[in-house]
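Note that the chains are named A, B, C, D, E and F in the order they appear, and that numbering of residues resets to 1 at the start of each chain.
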Amino acid sequence: MSVEINVVRQDGRNFDELRPIKITRNYLNVGEGSVLVEFGNTKVLCEATFENRVPRWLYEENRHAKERHQPVRGWVTAEYAMLPRATEDRNQRESVKGKISGRTQEISRLVGRSLRGIVDIYELGENQITIDCDVLQADGGTRTASITGAYIALKDAIQWGKDSGFVNMGAQVLKDSVSAISVGIINGQPMLDLPYVEDSSAETDMNVVMTGSGKFIEIQGTAEGEPFDHSELVNLLKLAEKGNKELATLQANLYK
Amino acid sequence: MSVEINVVRQDGRNFDELRPIKITRNYLNVGEGSVLVEFGNTKVLCEATFENRVPRWLYEENRHAKERHQPVRGWVTAEYAMLPRATEDRNQRESVKGKISGRTQEISRLVGRSLRGIVDIYELGENQITIDCDVLQADGGTRTASITGAYIALKDAIQWGKDSGFVNMGAQVLKDSVSAISVGIINGQPMLDLPYVEDSSAETDMNVVMTGSGKFIEIQGTAEGEPFDHSELVNLLKLAEKGNKELATLQANLYK
Amino acid sequence: MSVEINVVRQDGRNFDELRPIKITRNYLNVGEGSVLVEFGNTKVLCEATFENRVPRWLYEENRHAKERHQPVRGWVTAEYAMLPRATEDRNQRESVKGKISGRTQEISRLVGRSLRGIVDIYELGENQITIDCDVLQADGGTRTASITGAYIALKDAIQWGKDSGFVNMGAQVLKDSVSAISVGIINGQPMLDLPYVEDSSAETDMNVVMTGSGKFIEIQGTAEGEPFDHSELVNLLKLAEKGNKELATLQANLYK
Amino acid sequence: MSVEINVVRQDGRNFDELRPIKITRNYLNVGEGSVLVEFGNTKVLCEATFENRVPRWLYEENRHAKERHQPVRGWVTAEYAMLPRATEDRNQRESVKGKISGRTQEISRLVGRSLRGIVDIYELGENQITIDCDVLQADGGTRTASITGAYIALKDAIQWGKDSGFVNMGAQVLKDSVSAISVGIINGQPMLDLPYVEDSSAETDMNVVMTGSGKFIEIQGTAEGEPFDHSELVNLLKLAEKGNKELATLQANLYK
Amino acid sequence: MSVEINVVRQDGRNFDELRPIKITRNYLNVGEGSVLVEFGNTKVLCEATFENRVPRWLYEENRHAKERHQPVRGWVTAEYAMLPRATEDRNQRESVKGKISGRTQEISRLVGRSLRGIVDIYELGENQITIDCDVLQADGGTRTASITGAYIALKDAIQWGKDSGFVNMGAQVLKDSVSAISVGIINGQPMLDLPYVEDSSAETDMNVVMTGSGKFIEIQGTAEGEPFDHSELVNLLKLAEKGNKELATLQANLYK
Amino acid sequence: MSVEINVVRQDGRNFDELRPIKITRNYLNVGEGSVLVEFGNTKVLCEATFENRVPRWLYEENRHAKERHQPVRGWVTAEYAMLPRATEDRNQRESVKGKISGRTQEISRLVGRSLRGIVDIYELGENQITIDCDVLQADGGTRTASITGAYIALKDAIQWGKDSGFVNMGAQVLKDSVSAISVGIINGQPMLDLPYVEDSSAETDMNVVMTGSGKFIEIQGTAEGEPFDHSELVNLLKLAEKGNKELATLQANLYK
């Protein structure tokens, strides 16, 4: 990857450098976890709601499980949304339009899957945690910031559940940590953590969700312009691994 | 009103005292006006969007006006919404439900009317300003905080319009300032600026929108429990006038 | 209020005069109460539906109340709507649009609150009364006519419930009567009971819901043009008290 | 058809007798045609809206027609709906449900087709007439009453269009009159004009739309219970022809 | 009917001739009945779903019936839809539009009624059969082909229910067979089984649903252009009876 | 990858073997491209609609481009849907539910992006091609089959556009071919082309969209169970490259 030496990014970062990352716990008074996560100018509010109940479909499944003396489980889900003026131009509210866009649903599902990838829902017991990720300000990477912040809100909510007696104090609900970062190819150059201005001109855009122990939970790579070849893919994955490793460290430091 | 001397409110305030009010301008980087307004624990983000165009219906009206050599005008509107976990219990997103509640629409309309009450839309020119009031945290008085904060976001957006050349520098778009406060009767005692715990037990609940010069733009009073009589009404209005006067001073001080 | 002596209203009324009011009971064969109410050219059909059941949410609440040996209660609600050609121009049906406007919801909620303000829902027992207010012809004051007529439909439905054995014969379900009237300021002159032509040019528009005993249930005043001052407010309230007093007498006379 | 001599109908009518039919013109002040039509206890308000414009799709077609020097045309359409408490049990509003039932759409389309069957839309010119048929009270035959009343509202609206100069005074817009009646088989006996109590127990139910000159515009026959044979079909059609002939006479008499 | 001797149809058929009819059973691997029915170029996939349960409303009715020692019953229903490119021009998906057209609902209801007309739902037991009729290619007569094919899918599903033990082996669920055909008048000439090109130019269009034993279940005749008289009606019914008789024979032959 | 030698798949295939693939061109008479694609029991109908127009948003963009003497372009999009009984259990229609699921939207967007990845939309000219992928029968891999079949429908539609004179005969609209295949890890074993039974038990599931020349357009990998490590990722990509290479050959052979 010697070619990228002379690349100058608009914000002065090196090609393999994250934007300034800031994670604030207990941001609001409501929410069993309340986190403001910032990736540069991207700001996402992650609010966790802990409920001592499970969705109807799981309630039924657990009932059957109990009848068969099998273990019951909880659920973790997420909802992603953007405030109308999170972006440079105002977007119409999805509540006003009366329907959720495909993009919103796609990201909500992605955040939920990413969290469930590191949760042992049997250890959670018959509880449900919902993480609301509301983008206050968007400058690229809103889904990766959401996942990274949602993990902290989730962790705090699980602790709340233990402190409140809904989850066993010794339960190992979290099997690992999780974070996400975007990588992309711009003018042939792989880059880490794209702000909007880079993202919109990237030939290839990839979001990589990883655990703190370095495994993959989700890879979503799309050639917006030219298809990418095997070696470009390898370079992108390397960058993403570097970025996620740094995020995992930042997350861990919040609990030191 | 000598009877209320011994009332003790849960947060220690006197019956005629506002909660701590905090208005932060330029809260985010996006938005032609960006304000965080706090009435105690109630926090509302007010983002103004200035657009150099008008809604379709007004575009047609202005076209006809021009043909008749009459003046054209702009538009000011507002949208109110709550984040799902702004409250103690999580509410389902209106975008997910696929429709906006009557309450949400009622408040959006109220905020818009309140702002238009102090705007000269002819002086605004063919421009449109939308104020998004998104409640981050709700503890009673979200509509009054929204109006009070929306005014600041509006004022900043008009200045942006002037600085950007869309509005005449000398235009008197704002005829006055506007703020709003709630009053209510609790156990027979009129009180100012109700937090959720008081609001939910009030016999009568009234929201009063006033101009900086002390006139009324909107009065909405509802007997939740017992109907109220003429003298109670007079007492409530007095309290509201006191509260709004203080808010108007706070608003004015932001521009000193 | 000596200034208004020379005002000539388009329909020849004095400034403090109601339009011809007509309330017809048993207008249709269906409905446990069936009322046609006319405020001049405004005609609203108020149909009451009495059901010996309560909504799901109240069913649950009553179940809990019973377990705790607390009293159970009923529910009174209302739905307001306009026929598409009630007005001079045809409006698209809300069923065809697929959603209810904010205005429709606002008025439905207002009518419901106004009725509940004079009902003892514990005396009603576990019954539900729904009042449908459908505007056949609209000429201003549809919401005030709806409330005034809905009260009669409600009263008849309660009697039906007693005659049918669903409500205790001696139950004091109604604590008072309720009516509503609009007042407004036109060219600086306060006026009572505005038809459409006046309503659309009023600087201030206020709807006042009062009990037969002269107390307030709801006040909704809006400055459409210029904000109004304290003395104008006082004058408007006086007019509204006069109008509601006359309506209360008309309502009472229907049962003599 | 000698077998039916001894049939006794609940309302005392002969098997081939219509219910009392009443058609009131100019029922309300709004609407270019305003008709209350009553078939026994079934009451439908038919309001015509005349507009000097055509729907978008027809506007485009007419534009192309003009370019090719072909004649342009107008449009006639209808919307059917029921008030929530038109029936013995209250139905939820379709506006509240957020969608129109199949039944409502089916009848709206039927009424529209029936009217267009006797209209020369080229003679109407570039005008649009919408007939709103709102059922105030339903006791069977709401769709046949709607068609029968809608014709009168349509005729009055066309006259209004002529008087207002939108339609050529000599235009032959109406080619014929139109009415509709239901017939059915009950306990093997064909009967005319079924009220709800008969309709709900009929083995076969047929709605027949006919012109004043005795031709068919629409036949909709459904075996609700037992399929019907050829001779039963013949008998039903005979009854329907008799009923429609009487309705046509009643309609014609309104203009004498 | 001697006049029609010289009619030449675009596809070379005689006026009283069906298009080539093809019914393929077990077309797919899923579905308890899976039928592809072809009326010329019209191709409809009819998939039956057998479920050992009934809809909620019937579940309640059956529960009451059991309490009164009355027989319980099952349900047969149908859903009709068109793929977006079944026609020459692509239609927007109804799922994307977010609502079902009146036409789609009308046909779904017609297919359901037609099937229930020959089913003894008490013999079916507490089971539910849903027939999905999805039009792959549309060239006129999609509703008649749907009914004709749906009957075969239904019959196969009932047999599956017997083989699976959900329906009594000796139950006489089907009282008869059912088929449907369109007839129409084109240039004054009655014709059988109209493809799109004929259907769109027909003055009168009629769909006739009949049993294998020659009785009528549903007649829907509409004058698209000129109203039709009694003798034309008689001729159309004759043609329809001929066509349905041939369809009934084709259906019966599938089980020989 | 020597470990997988002894794996026995339920359908007898080797771990790196595709299911029987069948692609039928000109499957129906409608559609400018009409393809039935089968991956084992998965059957998807891919219908292409060629229109000599572009969506509104692109129409505006092209208009601006023309003003600036820049090249104009066309558009390629796709819609994916499942028939209600494509699966073992019937799913409610999305048109009946009134909204499209997140899954449906996600796949529609994926298919569209995949096709646009190999199309030069400037060479297409101001034309729009829509590919409808309707799943008749689903047994895993419906999105990969859709992409693979959609490419053939697209290629045929472009040829139709050339033959019809809407696209320049020499235009190089297609830059490459495109296909897609699923890979997954089951019991630690990477496998190619998963049917439903394997897909639902896979720990990791990955869909890989590739060009005929071996480049990547989209990678979507999700750890359903355990997160996967770098070497597993490498193995999955190898399998996917093998599968897509075979699909590309099959696609190419259709035009020999």
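The rule we apply is simple: contacts are C-beta pairs under 8 Å (C-beta built on N, C-alpha and C of every residue); 3 or more make two chains touch, one makes a residue touch a chain.
This is a predicted model, so every value here is computed, not measured.
**Q** What rotation angle superposes the Cα atoms of chain A onto chain E, in degrees to the nearest 5?
**A** Result for this pair is 120 degrees.
**Q** What chain lies farthest away from chain A once each centre is taken as the mean of the Cα atoms?
**A** Computed centres place D farthest from chain A.
**Q** Compare the CA centroid of chain E with every other chain's and tell me the farthest one.
**A** The chain lying farthest from chain E is B.
**Q** State, to the nearest whole Å, the distance from the C-alpha centre of chain C to the C-alpha centre of chain D.
**A** The computed centroid separation for chain C versus chain D comes out at 34 Å.
**Q** Report the inter-centroid distance (CA atoms only) between chain B and chain D in whole Å.
**A** Centres of chain B and chain D (C-alpha means) sit 51 Å apart.
**Q** Can you check how far apart chain A and chain D are, centre to centre, with Cα atoms defining each centre and the answer in Å?
**A** Computed value for the inter-centroid distance: 59 Å.
**Q** Where does chain D touch two or more other chains at once, residue-wise?
**A** Each of 98-100 in chain D touches at least two other chains.
**Q** Could you walk the ring starting from chain E, turning first toward chain F, and list the chains encountered?
**A** Starting from chain E with chain F next, the chains run E, F, A, B, C, D.
**Q** What residues of chain A sit close enough to touch chain B in their complex?
**A** Where chain A meets chain B, its residues are 28-31, 41, 43, 45, 47-49, 51, 79, 81, 83-88, 90, 93-100, 104, 130, 132, 134, 136-137.
**Q** Can you check the complex and tell me which residues of chain B touch chain C?
**A** 99-100, 102, 105-106, 108-109, 113, 117-118, 176, 206, 210-211, 214-223, 226-230, 233, 237
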